[in-house]
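Take a look at the structure below.
Here the chain labels run A, B, C and D in written order, and each chain numbers its own residues starting at 1.
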Amino acid sequence: MVTDLNTALWNTIAMFLTFCIFSFLYKDNPFYKIAEHIVVGVSAGYFAVILYWNGLVPKLWDPVFKQGKWYYLIPGILGVMMWTRFSKKYSWISRLSIAFYMGIATGVAVPLYVQNYVIRQLSSTMLPVHFQNTTGIFNLLIIIGVLCALIYFFFSKEHKGAMGSAAKVGIWTLMVGFGAGFGVTVMGRVSLLIDRVIFLRNYFDSFFTWFIKYIL
Amino acid sequence: MRNNYSNQFLILLIIFIFFLFSLSNEIFAQADTLPPAPPTEVKAFDTPNDNGHSITVVWKLSLDDGSGKKNVMAYEILRSDSSTGEFIVRGMVVPGINSYLDRGAKEKEDKNYFPPHKNFYYKVRAKSLFNYSESGVVGPAQAYGQWFHTGKLPVFVGTLAFTIMVLTFINMARKGKEFYVRPLAGIEAVDEAIGRATEMGRPILYILGLGSAADIATIASFTILNRIAKKTAEHKTKILVPCNDPIVMSVAQETVRAGYLDAGRPDMYQEENIFYITSMQFAYVAAVNGIMLREQTATNFYLGKFYAESLILAETGSVAGSIQISGTDEIAQIPFFVAATDYTLIGEELYAASAYLGREPLLLGALKAQDLAKAIVMISLVLGALAASFHLDFFLKLFTVQM
Amino acid sequence: MNFYERLMQLDRRWVYLGVAIAVTIPVLFPFKVPVYVTPEAKSVYDFVENTKPGEIIFLAIDYDPNAMAELHPMAKAIMRQCFSKGIKLLISALSQNGPGMAEQLISEISKEYNKKNGVDYVYLGYKPYFAIVMLAMGQNFRIPFPTDYYGNPLDSLPMMDGVRNYDDVKCVISIVAGNIADYWINYANGRYKVKVALGVTGVMSADYYPFLQSGQIFGLLGGLKGASEYERLTKQEGVATEGMSIQTVAHLVIIGFIVIGNIGFFMSKKNKVKR
Amino acid sequence: MRRQLPIFIVFIAGIFMIIQYFIPHQSFEFIYEYAMDWIIIIGIFAMLLGLWSLTRASVSKVQTKAPGWGFSVMTLFGLALMLFLGFYQGNKSIAEGTHFMDLFWYIYTPIQATMFSLLAFYIASAAYRAFKARTILATILLVTALIIMLRLIPLGPISGINQWLASWILTVPNMAAKRAIWIGVGLGATATCLKIIFGIERAYMGKD
């Protein structure tokens, strides 16, 4: 890591910023603020630049000026219309662009949600129930779990009587799912921390090797 | 696609080179000298439910595929412009497979362009190590695009039925029918949370999540933001909305302004309180963490699409001592919101929240439609499970989407 | 505030400190924590143990550098076990971006045991269309691989003398990320009846348990945990054992805090009732 | 007109995109891809609004000498530097090895990786605070999470049972919970879209 002066310098900055962020665990402090404010500026700039080179150029510039697809000027004009928001008087014009944006987004979503979230989930829960082995019984439990959890999501009926008991089983099922989700995630999060600690260890390892070699 | 062809070419070349190389080799002696039986009953037809740039070829497996001499190594699918013309290899499949989708690009400029409405002839070749045998030529077949995707029929029926249900219930509500909805803890807490911020004289923080304005969870969050902005305007409490997408920011500005207008206080609306930070996940989170601690927000709302940052936000908010109300449809993040925030809207509850907050009859009508749809889903599920248990496949097919 | 109430309302920074110590100390001063060995890992180990010196095991390195963190430790442990027992290895790499990485791994481990290419192991390398390659190998390894990775004709390699197809190897162990695993099961095991064991990534492991029950694979190693089990079995603790030790300690610390919180909760509740 | 035209556009675009999904013909496939590009292109142009918002907020902090205004100077500096480095060499500016990418790899990446790794701490403190057997629901959450976490810990003979239990939880109740949430989300999201398309929900469009 500390091989030449250039990477040594960069890695030192990276090490410093890593500690700045960790310091937030104790409490908010100027070091965290430095890292936070720098990363906001740098990342916003990075995103804008990438959006220009990897977005605007291939999606608008090239089609219009290189491939002769003049009809790509239409979304370009809609994009420019977003800039009317800089003015109080004409900002309503940007609503037309937003309207296209939202209309396309919601329209695309409708059949996809019906298909992937409702029908696909429904058909893959239509499992055979039998009592020959555990699979058949587990299938029954899955179906009961889904039914009860769906009852929990009923808005227009009060959770009372039989509905109430079923809804209770439903929320229990959901909670088991959440507990499981929490439990399986721990390992991945710990790995992330291990990676950071290893980064710091390697940095100081190579730093001290270098220090002993050249300074002492 | 082009890459695939070169791969196929490569492996054919390898087999061929090896063939030459092994002419004098001991393996040749033990290798098959007779070709496998040819594939039979070859059919080529326009691929159903496609855009018009592919033809499907099916055949009956060679008698030596998996049985007989067991020496089929691959099938090659060949195509020509005329029944007597030169046939070129379009693709290769492994033994046991009896169909091939001969597909190409839809752009004329593309090298791999597949012209629609043009006659093609096909034959299929069963290959053993050193020999092959061919089926007869079939055709002509033409590719053409379809105007309705029959495999998506269940989705079409579902979408149409649900749309009709939603519109019907909304119409009933418009005519004055009132619908009951049961109380939801997360929603009841909203008023209390806004009241607390007012008492303490501290701002409210509203996070729309990491989604773009094209994510439906974000759109649902806009509708909630509108109602909450109205309430904050009534209470004269400041609301901060840091955004991570410029379009989300623009729409959020309109939404909050509409809320202030609804409350009759357009003068109090301050555009700079709904602002953009950055689009990069953890840089955004670092900044929001800072806002929570420095602005001392009394109440934090996290409603919309959330990823790994959910727990970072919720824990920082809890350090700051804020009341926190969360909601997302991202299943992997719900556990963290449940554990670390005071109230969580789980999945569908997020989408129901705007109807609850506004108590607008039309929106409550839509909720009723969702409940009816859920009841239909549950009944279908029970019937489907019975059908699966008694092997009534026709019923299961009604719910199967074929892409 | 009494002791139990304090237990219940620890400042969260104590929790952070606990986690920091649990992760930092083992990274700086590695130590080992025992591992529970699952039967499906044990059966892979036993199979290799019961293979006689000189016999051949087919090792398929079917992953690319993306899955290295989880799968490299498994591949290393298995190779070391085989080489130390004098078992010969026939190795392929059917994942498109994997052959270079596999080559590095093989030369590293073979040097440790002073094993020679062509004599103690043969590295076949990569060919596209893994399904067809697997089927062709059922006829003869020389069809997809006339030469090995380094360009030597297979017939010139002493180890390949009389070794024609799957019938001449004891089993196939595929260390795999992605759907190549399905093809080993369906084609190599399904058509040619060769015994197959898999080492898969953590997220994949749940999907392959059914094949274990149906007997289509005889063993399964899942993720970093599987790798650490195997390292433990072969008594060559390495990266996986180290990683799993940190994970185990971190999990223990978190569980410990949960337990402390609950003790505090129950005892302070009890005290309140008494008063 | 200012109010009606946008609502009409949403309606037309929405209905058209729904119908388009069921028509595989290439002309509609083309329109779908074209429409998706509209969304992307509008989003790209909007970026200028975002940058303006960020700059204005930071500049006004500096101008009014608000508390911590010095930090806002850093934000502005970082932003300006990235924009300069990202454009001054034309489209070569973002190649690997440029200063632009150096800033990305050595400033952005370590900070984002460290922010991400904070989750290891937060997951522990959230578990400590939330997993107390106060109510039945909290107890269920606690017990399941414990069983799942214990699968990594050697417990001698209990490990076998625990492994089985953990995989049962993941494949049976966990699966049921996910499926039910997905179905609910599907209906809720679809209803939300329909409300937008049919103009029943129009608050997002603002008011005059």
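Basically, a residue touches a chain if its C-beta (ideal position, glycine included) is under 8 Å from a C-beta of that chain, and two chains touch if they have at least 3 such contacts.
These numbers come from a predicted model, not from an experiment.
Asker: Go through the assembly and pull out the chains touching chain B as well as chain D.
Answerer: Touches both chain B and chain D: A, C.
Asker: Measuring between mean CA coordinates, which chain is farthest from chain B?
Answerer: C
Asker: Can you check which chain pair, A-B or A-C, has more C-beta pairs in contact?
Answerer: Result: the pair with more contacts is A-B.
Asker: Between chain A and chain B, what is the gap in Å from one C-alpha centre to the other?
Answerer: Distance between chain centres: 15 Å.
Asker: For chain A and chain C, let me know how many angstrom lie between their CA-based centres, rounded off.
Answerer: 29
Asker: Indicate the whole-number Å distance between the mean C-alpha point of chain C and the mean C-alpha point of chain D.
Answerer: 33
Asker: Which chain C residues touch at least two other chains?
Answerer: Residues 12, 16, 19, 23, 247, 250-251, 254 of chain C touch two or more partner chains.
Asker: For chain B, what residues touch not just one other chain but two or more?
Answerer: In chain B, the residues touching two or more other chains are 152, 155-156, 159, 162, 214, 216, 219, 247, 250-251, 254, 277-280, 282-283, 286, 294, 315, 331, 334-336, 338-339, 346-348, 352, 367, 370, 373-374, 377.
Asker: Please set out, as single numbers or ranges, the residues of chain D touching at least two other chains.
Answerer: Only 18, 21-22, 39, 42-43, 46-51, 54, 68, 108, 111-112, 115-116, 118-121, 123, 125, 127, 129, 131, 141-142, 145-146, 149, 152, 170-171, 178, 181-185, 187, 189-190, 192-194, 196, 204-206 qualify.
Asker: What pattern do the touching chains form: line, ring, star, complete or other?
Answerer: Its topology is that of a complete graph.
Asker: For chain C, which residues count as touching chain B in their complex?
Answerer: Per the stated touch rule, the residues are 12, 127-129, 131-132, 135-136, 139-140, 142-144, 146, 155, 187, 191.
Asker: Any idea which chain C residues touch chain D in the complex?
Answerer: 8, 10, 12, 15-16, 18-20, 23, 33-36, 38, 206, 209, 225, 244, 247-248, 250-255, 257-258, 260-262, 265-266
Asker: Note which residues of chain A are touching chain C in the complex, please.
Answerer: Interface residues on the chain A side: 25-26, 186-187, 190-191, 193-194, 197-198, 201.
Asker: For the complex, give me every residue of chain A touching chain B.
Answerer: On the chain A side, the touching residues are 21, 24, 28, 32-33, 35-36, 39-40, 42-44, 46-47, 82, 85, 94-95, 98, 101-102, 104-106, 108-111, 113-115, 118-120, 122-123, 125-130, 139-140, 143, 146-147, 150-151, 153-159, 174-175, 177-179, 181-182, 185.
Asker: If we count contacts the way the header does, which residues on chain B are in touch with chain A in the complex?
Answerer: 152, 154-156, 158-159, 162, 179-182, 184, 213-216, 219, 247, 250-251, 254, 277-280, 282-284, 286-287, 289-290, 293-294, 331-332, 334-336, 338-339, 346-349, 352, 367-368, 370-371, 373-374, 377-378, 380-382, 384-385, 387-389, 391, 396, 399-401
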